[in-house]
Every structure is written in structure tokens, then in C-alpha cells.
Amino acid sequence: MTIGIFKCGNIGASPVFELLLDELAEREDIKVRTVTTGSKMGVDDVEEALPKLLAFNPNLVILISPNPAIPGPAKARETTLQSGVPSVVVSDSVAKRLKEELEKQGLGYMILMGDPLIGARREFLDPVEMAIFNSNVIKVLATVGVLRILHQEIDRLIAILKEGLPLTLPRLIVDTDTIRDKLDFSNPYAKAKAMAAYELTKKVAEINTRACFIEKDREKYIPLVACAHEIAQLAAKLAEDAREIEKYSDSLARKPHSKKGTPLTKTKLTQSPTSDEETYRNWLKALQP
Amino acid sequence: MTIGIFKCGNIGASPVFELLLDELAEREDIKVRTVTTGSKMGVDDVEEALPKLLAFNPNLVILISPNPAIPGPAKARETTLQSGVPSVVVSDSVAKRLKEELEKQGLGYMILMGDPLIGARREFLDPVEMAIFNSNVIKVLATVGVLRILHQEIDRLIAILKEGLPLTLPRLIVDTDTIRDKLDFSNPYAKAKAMAAYELTKKVAEINTRACFIEKDREKYIPLVACAHEIAQLAAKLAEDAREIEKYSDSLARKPHSKKGTPLTKTKLTQSPTSDEETYRNWLKALQP
Amino acid sequence: MTIGIFKCGNIGASPVFELLLDELAEREDIKVRTVTTGSKMGVDDVEEALPKLLAFNPNLVILISPNPAIPGPAKARETTLQSGVPSVVVSDSVAKRLKEELEKQGLGYMILMGDPLIGARREFLDPVEMAIFNSNVIKVLATVGVLRILHQEIDRLIAILKEGLPLTLPRLIVDTDTIRDKLDFSNPYAKAKAMAAYELTKKVAEINTRACFIEKDREKYIPLVACAHEIAQLAAKLAEDAREIEKYSDSLARKPHSKKGTPLTKTKLTQSPTSDEETYRNWLKALQP
Amino acid sequence: MTIGIFKCGNIGASPVFELLLDELAEREDIKVRTVTTGSKMGVDDVEEALPKLLAFNPNLVILISPNPAIPGPAKARETTLQSGVPSVVVSDSVAKRLKEELEKQGLGYMILMGDPLIGARREFLDPVEMAIFNSNVIKVLATVGVLRILHQEIDRLIAILKEGLPLTLPRLIVDTDTIRDKLDFSNPYAKAKAMAAYELTKKVAEINTRACFIEKDREKYIPLVACAHEIAQLAAKLAEDAREIEKYSDSLARKPHSKKGTPLTKTKLTQSPTSDEETYRNWLKALQP
Amino acid sequence: MTIGIFKCGNIGASPVFELLLDELAEREDIKVRTVTTGSKMGVDDVEEALPKLLAFNPNLVILISPNPAIPGPAKARETTLQSGVPSVVVSDSVAKRLKEELEKQGLGYMILMGDPLIGARREFLDPVEMAIFNSNVIKVLATVGVLRILHQEIDRLIAILKEGLPLTLPRLIVDTDTIRDKLDFSNPYAKAKAMAAYELTKKVAEINTRACFIEKDREKYIPLVACAHEIAQLAAKLAEDAREIEKYSDSLARKPHSKKGTPLTKTKLTQSPTSDEETYRNWLKALQP
Amino acid sequence: MTIGIFKCGNIGASPVFELLLDELAEREDIKVRTVTTGSKMGVDDVEEALPKLLAFNPNLVILISPNPAIPGPAKARETTLQSGVPSVVVSDSVAKRLKEELEKQGLGYMILMGDPLIGARREFLDPVEMAIFNSNVIKVLATVGVLRILHQEIDRLIAILKEGLPLTLPRLIVDTDTIRDKLDFSNPYAKAKAMAAYELTKKVAEINTRACFIEKDREKYIPLVACAHEIAQLAAKLAEDAREIEKYSDSLARKPHSKKGTPLTKTKLTQSPTSDEETYRNWLKALQP
């Protein structure tokens, strides 16, 4: 089975997305193929690049971009719909207002409320600052459980496709409540810190949006983007602190993929992972996530 | 001009690589296209995926993978050579022993001695741990100047191609000495900390190599991968500390791309970037980096 | 001259407010008198307590409370207006929608957008948690310059009253922009961190409001208040980090009161403060702050 | 029932004192009224302000000030004694030598050995530094259990008054031993850190006393007050670390007031507080605390 | 019984070595005598100083020095061999290549792979930097269990000598594996951090060796020694973090000596130590450590 | 010239003392010889061991011990006095009351007020805890300048002896004032933090003295020694923070010895040290330090 990933522009969940599905590079049940247009999101970019992905004949397509309402990503949605391959949009908080349109189009979606816009102002952002920002956001998304939700949803779809069952595409808004309900942390204060870290990335999004689109004066937007990236750094630190607490009680959950692609689970560090039957059964019987 | 990036397996520099060239998504002189095989590195993967990249008719190809000696990446090198497009291999320390072969093949290379192997043991590595590890490595590579070296080398090639001058492909082993010589830090202790952070990622590589390929007993390799990832986390923290020092004296260098793709530079946060003429001139006159 | 302060309920700026005006207890030009109703904000509380404050015959009254729109604080505004003493309302972000009403009433106001509601849920809040929360908020408000703005505005009014000039009461919404413009920090990254700290207290307000007034289910509101207080703790740490940077360059501004109540200023730690003539002149000539 | 609080000058326990008794503003059994003289402690200040407090007809009076031996606070003691209302003096370590006099006068007392004098030197102290210092001291007093002791003693008196039993006023010297015996921490290292934090505030008191009253030369006292406030900052950090440890094992005790004012208790974050019968019974049967 | 310790030059384990055997100064079964040649390691130094140690008629001699292959320490080995007293060499990683020679000579050895060379370059090292470096190394060696291994091996020899049993001298290479197997930590992540700290001191050794013996140019070696000492500082911090985790679960093992010199053991802080019979029995029955 | 060091029992300055005089092991003008009695301080220990030191015919003797008033160290003083070699006592705060006696005896002294007693209780102290405590104390003494004062005083005596001038032995009480006056820090807040760190080690001494000699009940002394060692750990961290600040402005003073033993000095990390003529001249002309 082939999972096709199309990245058009970047969100925090993009850079490591394809690696989430096969973190040990030993999975025998799927192939993952990605095509990207770099940071650009134009209609031309999409028209040139997306067919290359579809040429892999994917069984499932993931479309990742910021703001899926603008023409480039809209074109990408349209093109995959025409191809008939089941598709899931992964995007940031801007996508929330597109929720109904996506449902009408028959696309799945996973909208990450705390995957923040970067501080894209030339006085502040250079390749190094960009990479550090993404590093911080990746750490938050990983630690607070957002990336877990993402890969498990895709894993669920793969499982259903493998079993030949009818597919229900995800319709997820991943907000702080989701973290509260889904995060595998045993300590409630660790969970509170994780929620706090995610709230901070939402705050980053809010400030950067203002700095990038509203403030026109560099005396105003430079301090704002700097301020937002300080919060991103802090959010990563806080997420790390939360995870440390789970280490201190040796209760950190790990959920690797087996070679067959089925979900495994473990907590004690020195133990071996065992098959996560419950999760797998839930995947197969769930009609709507 | 089109820059084609082929990722086959993952190293720390991979996830944000294509974004480095156009961090503001405003560059008008280049298009960036990426095709990846996910975490897999088989010959089949390469044979299926690389042609999709070459179909973009790139003017320059970057091949990123760990260990370029194994069959999959070797096949990728061979295929791009056949295509006649100038190509640069970006890889980790394992690639060092391939140096002469790469030179003979006429490939450029940028070998990152401190881009470490991940702790790929199923008892330890799951998608979340994988993402966090990459987050830490990205922060180190960005902060200590490795990502700066990478994008500037590609930028140099682009500049030469645009000017129609003869191309000298990079032959770079990026070790701690390189950081000492190229990092734009003004404080010598900040530089020492950055060098230390890079030495730590080299140590991570060393420990994970032992844990993944030498130790067969889980009582032995589990503590080792856990130990290596603790060092990765610490390296990211140390790199961050180093960068903070530069903030404290408001001497943090920022080098964004202009819309035309030419290099800009600035230090004081509240200033605007100006054209980095010197760097540009050096690019054009250098015969060998 | 007597400054009367009436506290009815608590905001983060309340606990140390009266001390701001005479931090060394050596000021000869004013007396400060405070009456409070503890944490209660009922109409009865106000009716009983406020006359005790007015009995001091204050030349200026400061009314501090959260949410000045509810009956108790509204009664307090009405009563002081009847007394004819010039009065200034100090309150939190909820007060922003009362702006026009306050202006019509002829009251001055200083509305602190980042003075957050506490996580007032009995499963979480006890006297110790309450005190720690206030400790964190006080540190943020002090460090990022909000308390400086508060005392300087009152000092300005005192100066005008002493000179017998016509009084223009403050109309201030103290938001992150205010910090950017008024904070005496020399390092721009320190300022960015201070702005970030203030944004975090705004986030605390947002989460606690939801946890206290919207969520009805304890499984939902307990994690939220815990999350909000984690952010408050982090905001205090970030504010402290910002101030440390100013220490590192020995550029921390200090602005004590002289015995006569006039503003002094200094930066280098080992120097003595000197008269801040410029600030004083600006106070006297400003018609509208 | 009315609790009257008179603050004359400031100690670390003052700013949030009245809030401790009714942290949720929902208590139906008491009213709290506070009158303060700001930072001033003169006889005139007391003579003018204290009658305003007594005019509330309090059932219990708390007199909070530094150094209760000097004329202003002495006058306050005398005046409340004349009023016949049961009264408790809350003060700092200087008050220890007044112990016998207070007992003779029939006043209760709670003397906080680790509530330190501030670094009241004009070259160093301004309103912002003052507020930050108080923030740090409040965090220590809260975290290490001093504020718990304070509010429970007052709660005990209220309970006895409500039951119409004979009142035994507190005679407490709150030193590090008290913390060892009364702090609700389950981890012995957390307790050791809390004791250490309290010892540090005692050290702050010692250094500031020397800096404020003994050293006459600014070259000498400026470094000393700066040194003392660094220790205060560190003490707050250490207290926070201690509390974090209790969070890590989800054993943090919380003791809110019920609406009726009776003591509640809980530890696990997600649980609801239950009635603390044992504490309440002990309050009623204790003849001498 | 007299334990004679000869220090010739310094390694990280040297400064507190003799104190390890009798940390409470209450042990009645042994006397410890040390003679050192300061930082010097010449043959003359040894020839003058070692006889003074042998004049104490020690029952056991410990020879501590870096690099025991060079003439001074070689002379020390030769001289103690001639004296007939059982002797153990304690040294750093350079000694590993001397392993067979030491065995042939009939000397015991404990070779500490993570006891790093100092950054002995006059542009960098002064007495203060030297002391801080040793402080950091001592903290790592203590925390990760290396000093435990050292004193228990000597304690074992003392026990055997006291029982009149045949002596088997230690032949230990103390590397990261040793820590994994011998460290008394209950938390596996704490152990991973401890292993990481020890790996960092090995890295320090590697960098300082290059900086001291290979790089000739001060532009090259100054950054390297600074970098190595930054890592040493970080290693100490990491070791401390590891130990803190054990505190958080109150599982920190303590193994004091009884007055009779027998091993005691305890974990819970508030408990008393009890006799460690198992360790003692193992000592007596072990033929080869 | 031979410098003889006799250590009898341990203080924080002992473990690295002899290394301070020749940190690079390249000094050609002196030999350093040390004899110690381990942690024991009995008269017998001294009578057996001190003659071995005097047998080196030292030109100067340093006697280091805690509490020099008790019989063992007193015997050591007496014996060195009889030998006629100029001698300097280095000791902890307990020695302050012996000041006059030392002066009468014609001994020099350097009394370190912040070199604290260890928490010598068997329930708490084991070899590992002992080593960590010493690590922390060494870091404080080094960083705040105490070790600088120690080695420069000995260096001064050596210089005078080499020049054949009359010797004035040091009479130093090294308290926080000394640090304020002698520490080579350029940033006043760094200096304040260093002073604070030293005040903390004084606090450690105070608490451990109580825990070791006054409290008899293990429920009382165990928390106290744990508390004291937490403060020691914090003091080391604070000292490190202070030194970091000097790194941030690249103003960290380094004062290595030249091969000839003369004092060198430097600040900028990348510079070479130069001869510290001024210090040397001061040494020769000072009659009394």
C-alpha cells in the first residue's frame, strides 16, 4: 500500500510527517512517498507537483499545508478529489473556518489549533531562525500528543484499508481539549504542563498573525515576531518539562509500529513493547473517530 | 530555476532542508521541489521515486540520505549522474569514508559529522521519540551554523548557475573546526558552547551506532539509546544557551534571502537587513569552497 | 496630601499597590490610606467600607477591583463620584468594555489587559495556590513595566495636584503595545521576552475565564485551571529572565521616589539616582496622557 | 463575624494576608475588612487609621507590621487592647524580643522568622524592585507552609468564636523547625528544599539588616542589598522546585475553605476536597496551639 | 591497618580520594595516610616523595596519577613493587593500554575511562578554572557511581586483609557499561542520564587531548579547551539532574561506613542505615572482582 | 623551593589546595609536597604524619584543617613552630576565635568564613554525598575568588622568599566583604551573585553546626543536614551563574602562573596572558596584607 503525502508550504507538523508512519524504517505493509513544493503555495506549484505524487498511485493521500482556503491548496484539494483517492487535509488553525466545506467535499481533516504561523518578517526570519522555530514547534507537537493523534489516525485508515472495510475519514479539530483527553500521561500536572505548552503555541499563532498581516510598521512588528518566537522556545521547554515528569515515574508511554504496521505499546523503559490490541480493535469498529 | 531535492531515509538536516532556501516563501528566482521515500532507503524505493524528481527538470539536485554507501542511496547517486544534472550529496558522518568515491564520481558533498544516527531500537523509538530527537538535532544544526553552511553553499551554486559561470561543487566535511571558523557568533564563550553542542551530537552518533549495530542484548542497548537521546536533548539546550548569549549583546546575525535570492545580512534586532555584497562576491570568485 | 485606595476584590496589581507610591517609606509629601473588603465585592461590602476610606478626606481616590461593571464596584464608582474626589479606576481586561462609561462618568482608568483572573475552582484553589498565583502575577506586572506605569501615573496626578494645575485623569489600556513603548529595557530581546511574559498572563486570563465561567464539568475545568497556573509560573520565570538580561549589561533602570516625592532615575548599579527632570516636566505639561 | 486587619508598614505576609481567609470569595461566615497606612508606620498614621478599622466592629483584629516595638505599631497594640477586641500581632523576626511583652499584654502573636526586611536603600530600591522582592517572599512564605500556618490559626480562632468557646490566642514563632513539623509535603527532599528556602529568607533578613542599619558607605551597602535580593530570588526558585516535586508524585496538598468556612483537604489533583474533620476537631479542643 | 595513598599529578578522582574511605572520620579499623607531589609527575618528585609514604608502613598502597606509563608514575609502580606492599593503580583512560603490563607486574588497577584530562593551556587554565573543572569532574564521578566503585573495591581489600584471606587485587576498567551495571539508581532514565554524564566526561578527555597535544595554533586550541570545559560543566549538571530524580522518589541509596568499617546501606532519607551483609559476603567470597 | 602542605581533616579548600600553586604543572621555581592524615584529626595522626612532611625540608608550611583549636591541629601548629619553618594556618570559620592566639604564636592565617562544615551524620553522609558536597564547596570557593586569594597569598610569600625580603605572614579573615573588594568581576550583579553564593555557604556552616552538634534527635538533624546540602548545591549553581555573566561580556579574568612562577593576567578569551607586574610589585612592597 502506498501513502502519498503532498506538502505545499510548511506547518510545524510537516517536516517529520512522513517519518511518523514508519519511524524504524522496518514497516513492511506500506510505502510512503512525499512530494513538496518547498515553502511555496502557488497554484502553479501545485499544478506542477501534485501529479508527480499521484503518479505513485497512492491508496491514501495526505495534503499538508497552512491555510487550505487559498488558491494553491484549494487547487490541491480539487485535484486529489478528481483522482478519487481518499484524502485527508492536515492544516493549521486558519483551516477551522473551512470545516464545513471540507466535509462537503468528502475530505477528511485534522486541524491543529496549536500549529502556529511563523514570524515571517524579513527583519527577523532567516533560515536559521526558521529552523529553530520549527524545532520548537515539532517538540511541542510531539510531546503533547498531537503527532501521536496524527499518526494513529493515518494508521487507523491504513488498517481499515488493509481489512477492506469502509473508510471513515477523520474529522478532527486538535485543540487543548483533545490533548486533555488523548495524551498518554499518567501525572495530571504533567498533563497540565502539556496543555499549557499547546496553549502557548496557539498564542504564538495569534501574535504572529498580527505581526505578519496587521502591523505595517517595523517598529511594531519586529518586537512582536521576536516575542512570539520567545514563546515558542518556552513552549518547547515546557513540553520537555512535562515529558520529564513522566520519565521520573518511568511511566512514559511508547507506541512504536511493528514490522507488520500494527500498533505496539509499552511504558516501563526496560520492557519490550507488546501488541496494542485494544487500539487496533477500536480502529476497526469506529465509524467516526 | 528548479532545485530538486531527493530525500531517501532521514538525517537531522533533512526535515527542514528545502525550507532553508526560501524561508520567507518570497523568493522569485528559484522553485524548490522535493521527493522523498519516507524513512525507507531501498533500491526499489529509489528506482520508483527518483525519476519523479528528475521529471521536474531540476537545474541542481541535492541527494540527502544517511550512509550513501548502501545500495539505495548508491543507486540514487548513479541515477542522477546519468541524468547529467549537477548533484550534491548531503549526508552524515558515515559518508566520510566515501569522500574519494564521491569526488571521482564528480558529485559535490556536504558531510555533517554531527548529524547523528537515531536510537532505532523498537523498545525505545516510537514516532514521538523520533520527532523529539529530530527536533533536538535540528536545533543544534541550526544554532551552531551547520544549516547556514548548507544553505549558503546551495545559494552559492544557484548564484553561479544564474551568472552562467563554471560550477565548482562543494566538498565539505562539516566538523567542529568548521563551526569554529564559520559561525557568526561574536562572543567566544558562545562559540565554545556551540562547538560543545556539536561535539555532543557527534557523541550521540557514536553511542547510537554502538546501540543499534553492536550491542545485541536489550539490557545493554536500551540504556544506551536512552543515554544518547538524553545527550541530544542536552545538546539542544546548550545550543540554545549559546544563541541566548548572542541575544544578550544584541549581536545575533540574521541572513535572510532577498526576493531576488541574494544574500542579506543584519545583526541589531531593530535594524533592516542589507545586501551582503561581500559574501556574494566571494561566491562568484571562489573556485573551490 | 492623602491618597485613598479602595480595594474591592483582588487583581494582581492590588496587593502591593499602595507600597508602589512610597517604596522607601520616606516620602514626605503624601499619606497613603487603604481600605479593603478582602476578596468580597458585594454592594453591602462597598457600602460599609468605602465611607471609611472617604473619611480620610483623600485628595485622590484609586478604586481597584476586577470587573468594575458588577454591582459592588459600580456602587464604589458611584459613591466616589458623589464625593467629588478625583478618582481613577484600576482594573483587569474585563473592564475594557466599560471604557466609554468610565469616560462619561469622568473617572480616570488604567485597565491592565494582562492582569489575569485566578483559577477560582475549589478543587484547585486554596490559600497557598492563591498566594503563589499572585506572587507570579506581581512579578510579571513589576518586571514588564506595568507597575511602573501605574505608579508614575499616580505620581503625575500628585505632581499636578501639588502644583495646583488642572488635572487630566489617565485613560490607559495597558496592553503589550504599551510595554513595547514604555518599558525601560535597553536590550531588544529582553523587551521581547517581557512582552512575551505579558502575553502569557493574557493567556492565563483567557483560560481561567473559560475554566471558571464556561466549563461546568470538573474533569474539564480542573486541568484548565492547573494549565493556566502553570503558564502564570512560566510567565514569572520569563519576566525574570528578561530582567536578568538587563542586569548582565548593568543597564537596569531604577526609578525611586525622592523624599519630596519627585522622580529619580539611575541605571548603573553603583551610581546614585539623580532627579528625573524630563519625566517631571512631561507630567506637568501633558494634557492627556 | 468581622475580621479586622490593620497593616502598618509592610512585611512579606501582608500583601495577600486578607485574601488567605477567603481565597474563593465564597465564604459566608465571615467578612474581612482591612485598613492600612501604606508603607508608613508613624504614631500619627496609626492614630488616624486604626479607628477606621475599629469602626467596623471587628470580632477579631490582626495587627501586621514589621518591628512592633517602635512607637507606631506599639500605639496600634495599645489602641486595640483598649478596644477589648481579641488581637493577634503578625510580625517579622525583630518581634521575637517582644514575645514576653506581647504575652503580658494578652495579645496573640505569630512571628515569622523568615519574613525578611527589604533592601531599603534608595540607590537600589524602587517600586519595581520592591514589588519583585515581595513577589519572591510571598512565594516562599506560601510554598513552605508559613501562610498555611497563618490562615489556619485565624481559621481556628474563627471556629472557636463561632462555637462560643474560650479563645486561646496563638503564640507562635514560625522558624525552620515549624516548617519541618507542619509542612504537608510527602517527599523528604522536597521538605528539605522548603526548609532551605526558608533559611535563605532568614539570611536575606540578616544581610539587609546590616545593609540598612549598619553599613554607612554606599560602596558597601549597595552590593549587600543587591546580594540579599539575589538570595530572595533564589529562595523563591528553590521553594518552587520543592513544590514541583510534590506535583511530580501528585501528592500536593490543597486545603481550601468551604462556603461555611470549615477546612477542606485533598491531595490528588483530579479529586474533590473533603471535609478536614480532624483539623477542625483539633482546633476546638486545643487549649494552647 | 594503614592505607597509603600516593598521588603524583592529578586526576579527577584524586582530590577527595582519601576521604572516601572514612567520610565520617569515625572509622576505627583503618588509618589513611597520603603523600602527594602536587601537580608534578617527575621521576625526582617520585623518588623524593614515595619513600615518605612507605615510611608509614602501609598495608595497602594506592597509586593515583594520570598516564601511569610515563617515567614518574612508572618509577612509583616499580618502587612500591619492590616494597612488597599490595598496590593498586588508579588512573585515567590513557592507562588502558598499560593493562597487560600492570597485570604482569602483579598490580591491581582501576582505570577510569571518564576521568578526563584538564584543558592545560596557559591562555585558558588558571588556578580558578582548574578548581572549577575538578569540581565538575568530582560531581560526575561521585554521582554516576565511579567513586562508589573505587571505595568499595578498597573496602573489599581492607575486609579481606582483616580476615586474613588471600587478596585478589582489582582489575577494573570503569567505563559506561560499568555504570549501567553497578549504579544504585532505581529510575532507568536517571541511570540513562548518569551514563550520559559519564559519556560527556569521556568526550571532554577526547577534546582536551586534542587541544593539549595535537593542535599547535592558539586560534585552534583555545576554543577547544573552552569547549571541553563547557561540556564538563554540563556533565556535572546532568549528573545532578540524574541524582535529583532519585531524590524525587526518595530512593537515593546511601552507603556509609560503620565505625568498624563495615558497609552500611539505606534508601529512604528518614531511615537509619543497616548493615549491608550481602555486599560484605560477596567481598569475602569473590576471587576476582 | 619546597612548599609543604599538611592536611589534617578536610575543609572545602583542602582537596585542590596544592594544585592551585602550579595548575599547569610547569612551574620551575617551586616543588609542592603534601602529607595528609585523611579525614582524621587526632594527636596521634599528627604526631605520626607531620614529621614526614617536615622531612621534605619545606621553606614554607601550610597547615590546613577544620577547627584548629582542637588537640590534633593544635599539636600540628606547635610542631611546625618548633621546626622554625614559616607557617600559615588555613581553616574555617571556627578558627576565627583563635585569631589572637595564632598571631601570638607568629603563625599566618587565612580563615575562610564560608568554608562550611559538612553534614556529618551517618543517616545522611556517605562517601558519595561527601564528594558531592566538596564539589559544590570547591565550585563556590573557586568562583567567588576565595581560592584566588589563597593562592595569591602563598604566591606572595614565595615571591618574598625568592627575593630574600622579610616575610609578613598573611592575617586574613575571608568574609563576604573580602569578596566584594577582591573579586575580579566586572559586572556588579555578577559580583552580588558571587557574594550571595558565599553567604549561602556561611548559612550551610550554620545549619550543619546545629545539625551535627546541637540536635540529638534524628527526626531533627536529618532534615537539617539535607537542607544544608541543598543550599550548598544551590550556592554552587549561583556561583556558576555569576561566572557565566562574566563570560557573556568576555570579561572573565584568568591569572595563570608563568613557568617562573610569576603572576600572569588576561581577560579576553582569545588573548594571551601577560605579566601582572602591578600585582607582583604590590607583593614585594606590602608589609602587611
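Quick notes on this structure:
Order of writing sets the chain letters: A, B, C, D, E and F. Residues in each chain are counted from 1.
To be clear about the criterion, a contact is a pair of C-beta atoms (placed from the backbone, for glycine too) under 8 Å apart; a residue touches a chain by one contact, two chains touch by 3 or more.
A quick note: this is a predicted structure, and the numbers were derived from the prediction, not measured.
The set of chains in contact with chain B as well as chain F comprises C, E. In terms of the stated touch criterion, the partners common to chain A and chain B are C, E, listed by label. Note that among the pairs D-F, A-B or B-F, B-F reproduces the D-E interface, with over half of its contact pairs the same by residue number.
Same-residue interface: chain E and chain F share over half of the residue numbers found at their contact.
Rounded to whole angstrom, the centroid-to-centroid distance between chain B and chain D, based on C-alpha atoms, equals 57 Å. With centres defined as mean CA coordinates, chain E is found 49 Å away from chain A. Those residues of chain B in touch with two or more other chains are numbered 188-189, 192, 222, 226, 248-249, 269-270. Two chains count as a pair here when they touch; such pairs are A-B, A-C, A-D, A-E, B-C, B-E, B-F, C-D, C-F, D-E, D-F, E-F. Taken together, the chain E residues at the contact with chain D in this complex read 247-250, 252, 268-270. Within the complex formed with chain D, the residues of chain A that make contact are 187-189, 192, 245, 248-249. Residues 176-177, 180, 188-189, 191-193, 195-196, 199-200, 203, 207, 220, 222-224, 226-231, 234, 238 of chain A are the ones touching chain C in the complex.
In the complex of the two chains, the chain D residues touching chain C come out as 7, 9-10, 15-16, 18-26, 31-41, 45, 48-49, 52-53, 55-56, 120, 122-132, 134-136, 138-139, 141-143, 145, 147-148, 151, 218-219, 222, 226, 233, 236, 240, 243, 254-257, 264, 266, 269-273.
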